[in-house]
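What follows is subunit A paired twice: with subunit B in the first complex and subunit C in the second.
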Partner chain A sequence: MAINEDAILKSELRWAIVVGGIVAVILIAILYAALAMHINPPSNREYVDPKTLHLSAEFTEANLGTRVDPNGQVVARLIATQFEFVPNCIVLPARTPVTMRITSPDVIHGLLVSGTNVNTMVIPGYVAQVHTTFTKTGDLLMPCHEFCGLGHSQMMATVRVVPPAAFHPGPGGRIACGNRG
Partner chain B sequence: MATAARPATTAAPRETDLAGLQTSRLVQSHIWIAIAAFAVACLLGVWQMWARSPIQAPYHTAANYFRSVTLHGVSMAFVLTTFFIMGFGYYVAETALKRPLPGIGFAWVAFWMGIAGTLMAALSVISGNASVLFTFYPPLTATPWFYVGLVLVVVASWIWCILMIIAMRSWRRANDGRPVPLAMFATTANAVMWLWTTVGVAAELLFQVIPAAFGWNQTVDVGLSRTLFSWTLHAIVYFWLFPSYSAFYTMFPRAAGGRLYSDTMGRLAFILFLLYSLPVGLHHLFMDPEHSNGFKFLQMFLTALVSVPTLLTVFTITASAEIAGRMRGGKGLFGWIGALPWERPMVLATGLAFVMLFWGGGGGLINMSYGMNAMIHNTSWVTAHFHLIFGGTVVIMYQAICYSIWPSLTGRDFPSLKPLLVQLWLWFIGMMVMTLPWHWLGLEGQWRRVAAFDYSNPIIHGWGPWVIVSLVGGIILALSAFLFLYNLASLHWRGVLGAPAEIEYARAVHEPERVPSSLNGFGLWNIIVALLMLLAYGWPIAQFFVYPPPQAMVHRLG
Partner chain C sequence: MIEPSYPVTAHDYSSDAEELGSLEDALEEAPRGALVVSGIAVGLLMIGWLGMYFLVFLPRGPVG
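Let's turn to the complex of A and B:
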């Protein structure tokens, strides 16, 4: 085993090159995923005043839930508040690009949708926005995943993903979970 | 270094030995406080896993759960670590520099300040007025005394930082600029890094959270508070890790019966930790809406570089182990591994720490992978990751360090090393049994920070058995924690008198006569840290002042 000073330095340098290679491969993979596959974090940077949400055009109660815009874009709008999501059930079509827009009138919340890569923090002052395409149908869990107070554990909603053929928006492009909502 | 039992010779008991360590009482006081907090936190941790499992737990209410989680986090992350690091730092300053600690009076002032702060914070949590977890989450605010207590602990640690810097500088002056012993170089690197690290959380607490908690402010800029906390949140982990890495470099090679492969690589690794632990905190905020993808990507890139010093360390320490193994007669490509003295706690702990670091570090690479973070953010995967890093690299090495230094602090040797080895093995087994199911559950989507799961839900129902397995791991960890406590405590009355008051640190294969001044101090590196922080955090913080976002109403819990 090489033990003189020069050999030690050389072996460390060789290993440093290997380390550089490992880090480079990881970075290239991430860069490829970001640029070629558009896998980026949700970074919307859009302000909304949490103190006057109920007066805002977009996040008034009547405008919450799923709506198909005239251009065909499916958008679900939600409010995350201590300790529930409003509405607590949303309907979305499978195999269709959908957008979720969420904000908070009070404290920090967060959400994920079980079995998918939908994941975002919900920070008062900002509109969190996630674009996704659901591949499976069924009732998925959407819990609050960030500590928001003593009732945090009860804060849970349902995302009902239905086949595109069963997705029938009503007047104004709106669709809701109905009785189970 | 822990040695096997040594017959009590004619050496006088250390109580009357004036040549004993000057810092002995100081070090023991700090580390016993650390261990007390650790023991409480382990018990709370077990109860928390019980509460989240399908088995009915006593006293299970949401209020108790979040009180417990807050106390667990504060005890582990702030009390155990800060007190241990301070105590071990004083020990290294005296034993590595082989001279009295300058300003020991200030060290005692810092100790009592830390105790006062810890009591304030602990009473705030126990009274139920501070259930905001150790990561705070404004606009939720606790009683102001919770934060004031934690600020006192941080200020105490700042006194420690200054004492470490003074100790290193005065040694260097007295020694004509010779290379600072590696153990002290590591300790001072950590002190310098910690001063940088705490700027973020100190600014958040002093300018945002404490004024809100006292009622002077009714609103808070949440994006800014999260960004300031993220400044601290990654580097604080390296603050905890530094003593472990210091032990890898300066204690393990000697315990293994060999030498450190390269002293220079040690210095380089500690400098890289100083540089790359800080400008990377935005990787905690990948899923946040207040930062652009550009800065998230930049800090992801810098985060990838922080794996470099760890990978260099793994190589250097493995090479040191190979030297030791071959000196002990190990042959062949892997024969040297079996030839290592695994019956010595420091050797065993280092080996087990490397295994856990492999899993914890691998999970960390997934976490930092930018877009991929969405898969696991705020799931049990993350809990598994940082418990493996914290328990598997930080705590197990703290335990091994205690076993190594306690004889020189008490003048007593362990009569048998067996209970020490059993304790380390239990810690390793418990950690793996607890965290492997958490990784799996995290991928399944099990989320963090809830007091209970509704097992009547069919998706959640399937998680139950895995949660119970992790609970078993937690129970094993608690057993190990109490065996650790017993091992150290019993040394005070059952230890074999006659252990020497000094400790020998590992020597390098080629001990440097001179090193470049850049590898013997931190002046240059501080400038580079400042530039990196300006690059990485300049605009992400300035944006809140240039384009002020709407503020959130304060929600007071305490």
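Let's turn to the complex of A and C:
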């Protein structure tokens, strides 16, 4: 490799091609995950009045937790509040599409379910909604991951993922951690 | 005049042409070395990225 301008330009061109190839591979991988594997950042624009959550149709205390809707859709509704999730344990079936709907009456919270791609912020005034399918069974930790105050580090819940055969909702399609049907 | 007890030059070239020749030989290797170092660095970065993508990100299942 002679040290002249042509050689330098050729070397830079080769390097640019390599970097361009790497960027293309990463973009293709991201598009494949989004389009073929349905892995996308959760996005949902839905408003709710944080001052009257306890009076709302959806987020009243009796309506929180996991419920199988008449159309078969499994939906878990939670409230993230300083410094706990209500309820602090939810049961969901594995290998089944499920929806989690969460909102906050006080400050910004966040949640992730360990070992999965579930990860969203919970902002007062909005309903965070996550569609997912759990691939493994077991008790998964769900901590708050957005600093929400002095008790933030104690704010965590459990997502109990059970095999579909062990998922037996009770009356009204309800199922809770203490009641596996 | 007192002779220093250490070499005054790193190399004792007999002519300027010989020194320039050695310098050019050394500089010819420089781009190849830079490519090897940057290739290893970027290669390791890509292996790490693809490892996280295929072994962690995809097995964690769909979300949206």
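The criterion applied here is as follows: the second predicted complex is superposed on the first by the 175 of 181 C-alpha atoms of A that agree within 3 Å, B and C clash if a C-alpha of one lies under 4 Å from a C-alpha of the other, contacts with A are read in each partner's own complex, and residues count from 1 in each chain.
Following the convention adopted for this analysis, a contact is a pair of C-beta atoms (placed from the backbone, for glycine too) under 8 Å apart; a residue touches a chain by one contact, two chains touch by 3 or more.
Because the structure is predicted, anything quoted here is derived from the model rather than measured.
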{"item": "Touched partner set for A:F147, first subunit B, second subunit C, both or neither", "value": "first"}
{"item": "First (subunit B), second (subunit C), both or neither touched by A:I79", "value": "neither"}
{"item": "Subunit B versus subunit C as contact partner of A:E46, first or second or both or neither", "value": "first"}
{"item": "Which of subunit B and subunit C A:N117 touches, first, second, both or neither", "value": "both"}
{"item": "Contacts of A:V98 with subunit B and subunit C, given as first, second, both or neither", "value": "neither"}
{"item": "Contacts of A:F134 with subunit B and subunit C, given as first, second, both or neither", "value": "second"}
{"item": "Comparison of subunit B and subunit C by subunit A residues contacted", "value": "B"}
{"item": "Which of subunit B and subunit C A:I22 touches, first, second, both or neither", "value": "both"}
{"item": "First (subunit B), second (subunit C), both or neither touched by A:I90", "value": "neither"}
{"item": "First (subunit B), second (subunit C), both or neither touched by A:Y126", "value": "first"}
{"item": "Common ground on subunit A, meaning residues reached by subunit C in one complex and by subunit B in the other", "value": "1, 3, 8, 11, 15, 19, 22, 26, 29, 33, 39-43, 115, 117-119"}
{"item": "Residue numbers on subunit A that touch subunit C, as the complex places them", "value": "1-3, 7-8, 11, 15, 18-19, 22, 25-26, 29, 33, 37-43, 115-119, 130-135"}
{"item": "For the subunit B and subunit A complex, residues of the former touching the latter", "value": "62-63, 65-66, 131-133, 137, 139-140, 221-223, 226, 261-262, 265, 285-293, 296-297, 300-301, 304-305, 307-308, 311-312, 315-316, 319, 322-323, 326, 365, 369-375, 377-379, 444-445, 447-454, 457, 459-460, 509-510, 549-553, 555, 557"}
{"item": "Of subunit A, residues touching subunit B in the complex", "value": "1, 3, 5, 8-9, 11-12, 15-16, 19-20, 22-23, 26-27, 29-30, 33-34, 39-51, 82, 104, 106-108, 110, 112, 114-115, 117-129, 141, 143-153, 156"}
{"item": "Residues of subunit C that touch subunit A when the two form their complex", "value": "24, 27-28, 30-32, 35, 38-39, 42, 46, 49-50, 53, 57-64"}
